[in-house]
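Letters A, B, C and D mark the chains as written, and numbering starts fresh at 1 in each.
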Amino acid sequence: MSIMTTKLGKLTLDSPITVASGTFDIENFHFINQKCLGAFVCKTITRYPKKGNPTPRLYESEAGLINSIGLQNPGLDLFVHENLPMLRDKLEVPLIVSFSGSSIAEFEEIMATLETQSGIAGYELNVSCPNVDNEGIAFGVDPEVIHQLCSRLCSITRREVIVKLTPNVTDITAIALAAEAGGADSIALINTVFGMAIDWKTGRSRIKKGIGGYSGIGIKPIALALTYKAANAVKIPITAMGGIYTWEDALEFFWAGASMVALGTANFIDPLSAAKLQEGLSAFLIEHRYSMRDIIGKCIL
Amino acid sequence: MSIMTTKLGKLTLDSPITVASGTFDIENFHFINQKCLGAFVCKTITRYPKKGNPTPRLYESEAGLINSIGLQNPGLDLFVHENLPMLRDKLEVPLIVSFSGSSIAEFEEIMATLETQSGIAGYELNVSCPNVDNEGIAFGVDPEVIHQLCSRLCSITRREVIVKLTPNVTDITAIALAAEAGGADSIALINTVFGMAIDWKTGRSRIKKGIGGYSGIGIKPIALALTYKAANAVKIPITAMGGIYTWEDALEFFWAGASMVALGTANFIDPLSAAKLQEGLSAFLIEHRYSMRDIIGKCIL
Amino acid sequence: MKDTPELRSIAIYSREELCGGYFVLWIWDDELSKQCSPGQFFEIRAQASFHDAWDSQRIPKLFKPISVYDNSGGRIGFFIKNVGAGTSALARLKAGDMLELIGPLGNSFPVVSGKRVLLLSGGIGYPPLSYLQKEIINHNLIFWLHGGATQADVFPCDEVWTVDGSIGKQGMVTQGLEDVIINKKIEVLYSCGPLPMLKQASEIAFRHGVEHYTSMEAYMACGIGVCHGCAVPIGSHDDWDYLRVCKEGPVFNANDVLWSEL
Amino acid sequence: MKDTPELRSIAIYSREELCGGYFVLWIWDDELSKQCSPGQFFEIRAQASFHDAWDSQRIPKLFKPISVYDNSGGRIGFFIKNVGAGTSALARLKAGDMLELIGPLGNSFPVVSGKRVLLLSGGIGYPPLSYLQKEIINHNLIFWLHGGATQADVFPCDEVWTVDGSIGKQGMVTQGLEDVIINKKIEVLYSCGPLPMLKQASEIAFRHGVEHYTSMEAYMACGIGVCHGCAVPIGSHDDWDYLRVCKEGPVFNANDVLWSEL
């Protein structure tokens, strides 16, 4: 067992580093060795193909990125017939499939299809995308719906079930507790924060839809606070993300209670960031003779 | 009437620029002429003196400031006998008194006392401080409580009543609508966002209480999205704040629907920021022959 | 075109300064040079390590898409206008400073021969057409129309338009397009520039049955096809999709672009 | 001490480099120089305009509190250790570059005369005591104890301790404190350094009835008494308040500090 081994619910992974859905794909392995990741999380898919949001979809603010992709994806069927075989072929690390639906039944339908497929280690339920109106996020703000969703889905799979939460709620602990009670194996947080930018010269929104999802270094303090809160509320492990760029950033999240960290926007800003994180973190652990267990959740006030 | 005149509920102010409670005091007028402000908002006071939170109380992150002051203040009585006479004496712009309470009755008690005092143009009800456990923020997340609070307080004063909202809620529009329905004259937003930072070397929280309030440039996209949402929900005017440093930043908030902007963290980073904002904004308005009315809420998607 | 773009740090070999905030950065790299074709671009950035950046209180930012402007003798030139944070960081670089690059990226202009070709560029749409022109000039008859806001925004070509009339003809460059198409009996149009210009040009070219390839602009996050941030609507009215400027583009057949959705 | 500190931009007159990440920045300003007394500090920063900053992708940051280390002939010296983003921006400055300053700020050390005085400094607590020493040396008998982590962290004084024993005595400087107080019959102690050192020193000094003034450290946002971020607990066990290091401090009577709350 390596010094970097981490446990995430049903999974035991070789590295506590993964990637945030929608920010990393096979193309990124041109830059880094995929073995620096403990798992690979693919872009969220939906039951039917989604065109995505009107453009412009991106704007870089002073301290982060605002996006409004709108879950553009090929849909479940094409994913199963084209993307999945390719991923099975190329991936040397466990695959987590992220998906979203507009009803509990649709979530169930997608999972039922994915259950017939091999090469999947777990699922990330995206109940938190801020960029589509009826998908996901309506779920992510209501503890009762989350509880029901998890109960229904966890009963039809033996694979890892991760619930990805939105930061845009009054009380993240209520939602995290509902996911845990519903049987989720672990939690991922945070998805993007509602954010906006306007061209001061013209008054035009930088994003066609107005409000988008804010990610990157500017949301790190927020993600850390939510990780700390959630970790103190639930017993199931947490994959933390939100503004993590360096191994020092990652350590903050481990101390706060994360068992795993994911890189999102960092992948755009430095395509080598996952490799650098892996290197820096393992050097730190070796230097201080720490195992992951010595750090996770050991933050001192 | 100057080009910079703005209307804020019952008040007509010479400048659409003010300062965020807790970040600016008489001392700041060493650096700038107070006339660049349309109004002055004092540090939040409470019924009884408050020691404030244990230290350390501050940490500067990559893109903002995390604070945990905990509403340290001299309490209502000392404020009325010492601070208020001094403010009355020195201020040449309208005074808004910010206060907070742990019950509706306490809010009422404070306002009743302040009503006996001259030299106050309005009140800012702080129902959003993230740094005290029972004060304010418990109110700020519940539309019904906000509605009741506003109804009770607005009936006992003829002065401007501003309700200052927290960003840490699922649905800011519900809260803004409740404040409006309760009779609030205007809304101020946002107070700080829950945030945290940890020393990656030692695992020690940078802030003694763990989670603090995050402000500064990193929260600008969040504040702008909430301003836009609230402005599209209510008819009463909005004072916007959250990461505003420059006149360009201020313009984004005016386009999004703010009638007034406030500088908070910017005052620490550049003591001249209010003066520079005033200068830059008025030059922009003159150059484009805009009045404030041509800009406020005129954002285009 | 290579399927696996790499990330490289390459020293700036030389730097040229133009008026109007334009500048040219040159690198010398024989291997990269061989991989490029006209229309392709690189994601480039002034070198930014996360750790140095924190120390100097800089927040590392996205790479910026910049077209190949010139590619000869192993040297690749980037012709850049300083318009914001990313390009101003590039503008600060001197010869010898390090540039970070990903690329070459994207598809390239279809190359024609034996045709009457029109190049149409607006503002900073000039660079990719300059590279294209050098590659196809020996096999085609080329006419080049360029428009800019003012004198500083125009560069060597056959006919110049400026919005303020400070040089060349006064007006939008698209005002001159129809005449040129007719008089020069244009068969193929290559265009690059601001969206309203491309939109108008594509209407005019369509009306005259001119083959039209256009290089589109988009805000990019990844530049390698991952994020879907750089989408443009491509297809027919009842069957279209958002394709990626960085991957399926930047060059599209103008007739396939759903201009009404933009 | 002036009641209305101003914000100024002053060019760096000269710069000294020490080992261990320490450096000294000098400014020359007769007017400011006259306003300072030992114990006071400035909020300083490498010049940062909002707009330049955005262009270069830097996020403007807080001023940093730095003590007056030397004040003679109109020149004010700042003795600084590079420990993070703010001080590293200062470390990058060269002579002629602009420094932004607010100050002088805070109270100052009570000045005694005809006493047996001990100065106790740890690490970067050295600078304010150096200024104090020059001001009171002609009227008192002074002994100076200084401790640091290693050789690079010690500076001229009477007795040196290092944690790693690389120079002077090995151990925490507070280990030598009691002996010196007794042997030198110390009447007044001035201290500045890390919290644990101040805490221990205050116990020892209290036990020996030594008058003890200590200069406290705190993270600051405003530096002028507005934000209450720099609070330290001052008073007696049943009646204390958080006072501001930047306004009521940085110098406190060590017996008034509620060390247990820190």
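In this text, a contact is a pair of C-beta atoms (placed from the backbone, for glycine too) under 8 Å apart; a residue touches a chain by one contact, two chains touch by 3 or more.
None of these values were measured; they are calculated from a predicted model.
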Chains contacting each of subunit A and subunit C, listed by label: B, D
Farthest chain (mean CA position) relative to subunit D: C
Subunit A and subunit D, separation of their C-alpha mean positions in angstrom: 46
Averaged-CA centre spacing for the pair subunit B and subunit A, given as whole angstrom: 34
Centre-of-Cα separation between subunit D and subunit C, whole angstrom: 56
Subunit A: positions in contact with at least two other chains: 62-63, 217
Multi-partner residues of subunit C (at least 2 other chains): 54, 59-61, 85-86
Pairwise touch network: line, ring, star, complete, or other: complete
Parts of subunit C lying in touch with subunit A, wherever the complex brings them together: 4-7, 48, 50-51, 54, 59-63, 85-86, 102, 218-222, 224-233, 241-242, 261-262
Complex interface listing, subunit A residues touching subunit D: 62-63
In the complex, subunit A residues that touch subunit C: 22-25, 27-28, 30-31, 51-52, 54-60, 62-63, 65, 67, 69, 72, 217, 245-246, 265, 267-273, 276
Partner subunit D, residues of subunit C touching it in the complex: 54-61, 85-86, 88-89, 92
Residues of subunit C touching subunit B in the complex: 54, 59
